[in-house]
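These notes concern the structure reproduced below.
Per-chain residue numbering starts at 1, and chain names A, B, C and D are given in the order in which the chains are listed.
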């Protein structure tokens, strides 16, 4: 993390000779100062001698070392990007990212996110918290953050989801976090906000997909339990994994103990993954992620 | 953890033959149901063949399996305890433990404890939160918990500490948690509440004792940083360790990054140690602890 | 771990009042010194008020504190065991446990076990190492341990397995370790040596069952990989788990890297699980284990 | 890790604009293929706006993508390196690195290194193993590796060390590993092979410097113990740390248990650090290391 304003460039393109030279040469040509840079080439598991993989990169550039604005950067960089067949984005640390939180009845992730926000460690705007319960209205509003009650009525889920979708459109979140929201998003919503919805799943995926993972773990007699933060896709619990962690348990722990231990892992893994996402450290590659830490 | 009312007996005594038989026989004699029990004998590092160590035990007994009250248990058990030269205590899960929190300017431990309390995972009474700053008054009071501003004026620390001590006497905490309080308690206070004050130190003790441990860690170039929860004694950062944990860092992390990672470890280690303490799982043995998990 | 000769009693029985009192009373009646003891009651996930669970225990008794031999202990304890409907066993640290190793082509687990054996940390007799390859004959024999080449010919597996089975019968192993043996044992062998065959599986079970788990993990994009030591049953990779651990990986690691990291976890997890097994710390409970550490 | 022959360039220099562009431009100019690259800028803890830090880099270049040999690379790159005031080195994966092992009486690190070497995971030449005991002669020679007995007689250490130094000079190790050698090297030897001698210390440094760290840890009652691999300097246990790790212990563990657990950490940490060193992933920066993984 760097003090001062930075532009963060992320890109991926087919691998070839000279990508770094081309991009860093462009930046150096304007006297731009690269504060941090990461590269990765991903190639097929079994690749022939003349394989062609995919190249991923992330660069933090000192904003005031460049003689022009972000818009002009975009304009000038476009030609190189086209030549290299890049997917690319550039963000400006002076523009705060926006975080939307969806929460159910459990408080641990919500409290944790708001504590980080209040301390300044999580330096974002939170346009709103959305919930299918009224439980946390007071707590959220006490923090000066708008709270929207958006129930998903079993009899009329469609209206419920339309409402949620409208709220999400208005909130314009760079990150939409399911902080133990406990509702399965319709695939239309998943696709609309592809690559922006982060879910925290309470198991070490791909183990124990679906409901009651701690009960499943208890029955199987595993010696470690975990949590997984992944991007939400229309396939339940199968989206690209951003971060995972585990904690040791033993035979003396009940299901209730697992649930309790699990919460500590869930909130930590979620917070870490969210930070990577907000700092543009996560690049998608099919159903996998490249995470430049 | 067990549902239902339990009595928790903790004891230590000189090791000898027949301790378990004596105590479990006493309980079985009244048809008492032991839900969980732990034993440990600690002996000197280099001990002769006929060494005599110290014996530690903890038992959870189903309260309604016994034909009498806690007071009567105490009365009847006394004879055995004297015979075995025991230090012992028994607590009743029906009587909620009391937790007093002292906090400075940093929120992460305070938020974390209150989230656990609100969810019921931390099932205690919190008679008050005490701080040398007004910052968290609103937040604490929003939770319905009394907040006391108790400044420690540099010019007149004595008055400040007398005030804190009075508040602590009134609050009658079973646990007094220094949640990043950042003040060194006078030794009188340490001794008065011996074995009840838990501090979370932001380093992996015994490394980096004293001020600015993350700066010390950065300078030494360690590859893991940690946090330590220990009982406060009048010797700074040297009290009995209850719990510790670490997190991996690398050369790219700045001191600010270490501080931020450290917070996650601090709050988790504190919460774990506090739970052990409140469930009577921690027994003191000189400057070490026996922790029955 | 205790110096000196110890008898280790392990038992499980239906839970009821007074088990500890009965057993520890028996031992204390002969002036027996209990060095270490562990208890656990396991009850159904959702149990009624008057549930009846299963009780597990392990006791280390100082051998020379008892006035009789192990045989006489067995004789005298039998009545109590019957009364409590116990499954029980008692072992004598003066009788070395026997370890049989089956190995394929990979050296990491074999080297690790023999290093521990040579240093005395793994204090067992190794009657033989069995392999379907000749590769490690010299290495094993250099250590003074008999080596048996027992090929499993694709055309005549039956003869191959009969040979292995005969070697196992003769070797009388208390532990039979599949140290990356890479052969699926016939169910007859699994059943004959039930509770004595330990396999090290190169994934964090129940994830990635079956072949090439590191390739599966690579494709799924997990952020941690692991290994699992479990008892072998006739259901592939589904036996009771004894020990597991994980290691962090990231996007820059190839499948070959995962394989290499995995080896470190595999050998450590195997060594830990084997120690628990040999010290009679593992009790079976259906498809789960109670591990008294 | 990459298949095929690679040149690995490591360098550090004062930070300035355009370093990456300059170096990657040079390589791209010859159509060189960069397989992997890492950068890091280290700056003083409290730095003014116009700070000047130090820049570190590591690049793996596909050897056969370049139109010239390593010598010619060196020749042509020299001008850029001088211009940028670089300390730099380049190595060729076709030239096997040389590993010299010094060992005392304990086998765990030696066995572990030789198992990795035998499996090909540790792809080095081992010109010799040197020991102040004869214990491992047979074992080492069985592997076809020369073994030198080089005693350090208490009465005449000078002769002993001269002998060791001569052996080290002849062996020309790229890495000289103290695999629990348990002798303090004279400062002359430390300086002669500066940045090439790796020691595995059996504590989580900077805790428990000096003798019997596990005894120190036991006495302090820590809840985790660790191991540290560091470059040897003439200041005992204070050299730059390459890698560390820890393992959880508890009150029931004796000093002997700590020693045993510790061995698992020691050998794993040593193996990891050694790999980083041999792959030119470790750059020195004063008393700290930059480790590009």
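One rule holds in what follows: a contact is a pair of C-beta atoms (placed from the backbone, for glycine too) under 8 Å apart; a residue touches a chain by one contact, two chains touch by 3 or more.
The structure displayed is predicted, hence computed values, not measured ones.
Between A-D and B-D, more contacting C-beta pairs join the chains of B-D. The mean-CA centres of chain A and chain D are about 36 angstrom from one another, to the nearest whole unit. Note: centroid distance chain B to chain D, computed from Cα atoms, is 41 Å. Shared interface positions of chain C, i.e. residues touching 2 or more other chains, are given as 36, 252, 293. Viewed as a network of touching protein chains, the structure reduces to a complete graph with every chain in contact with every other.
For chain A in complex with chain D, the residues that touch the partner chain are 17-18, 20-22, 24-25, 27-29, 31-39, 41, 65, 248. Contacts from chain A toward chain C in the complex involve residues 40, 42, 45, 204-208, 215, 218-224, 226, 240-246, 250-252, 255, 287-291, 293. For chain D in complex with chain C, the residues that touch the partner chain are 1, 36, 106-108, 111-112, 114-116, 118-119, 121, 138-139, 142, 252, 254, 256-257, 260, 263-264, 268, 271, 293.
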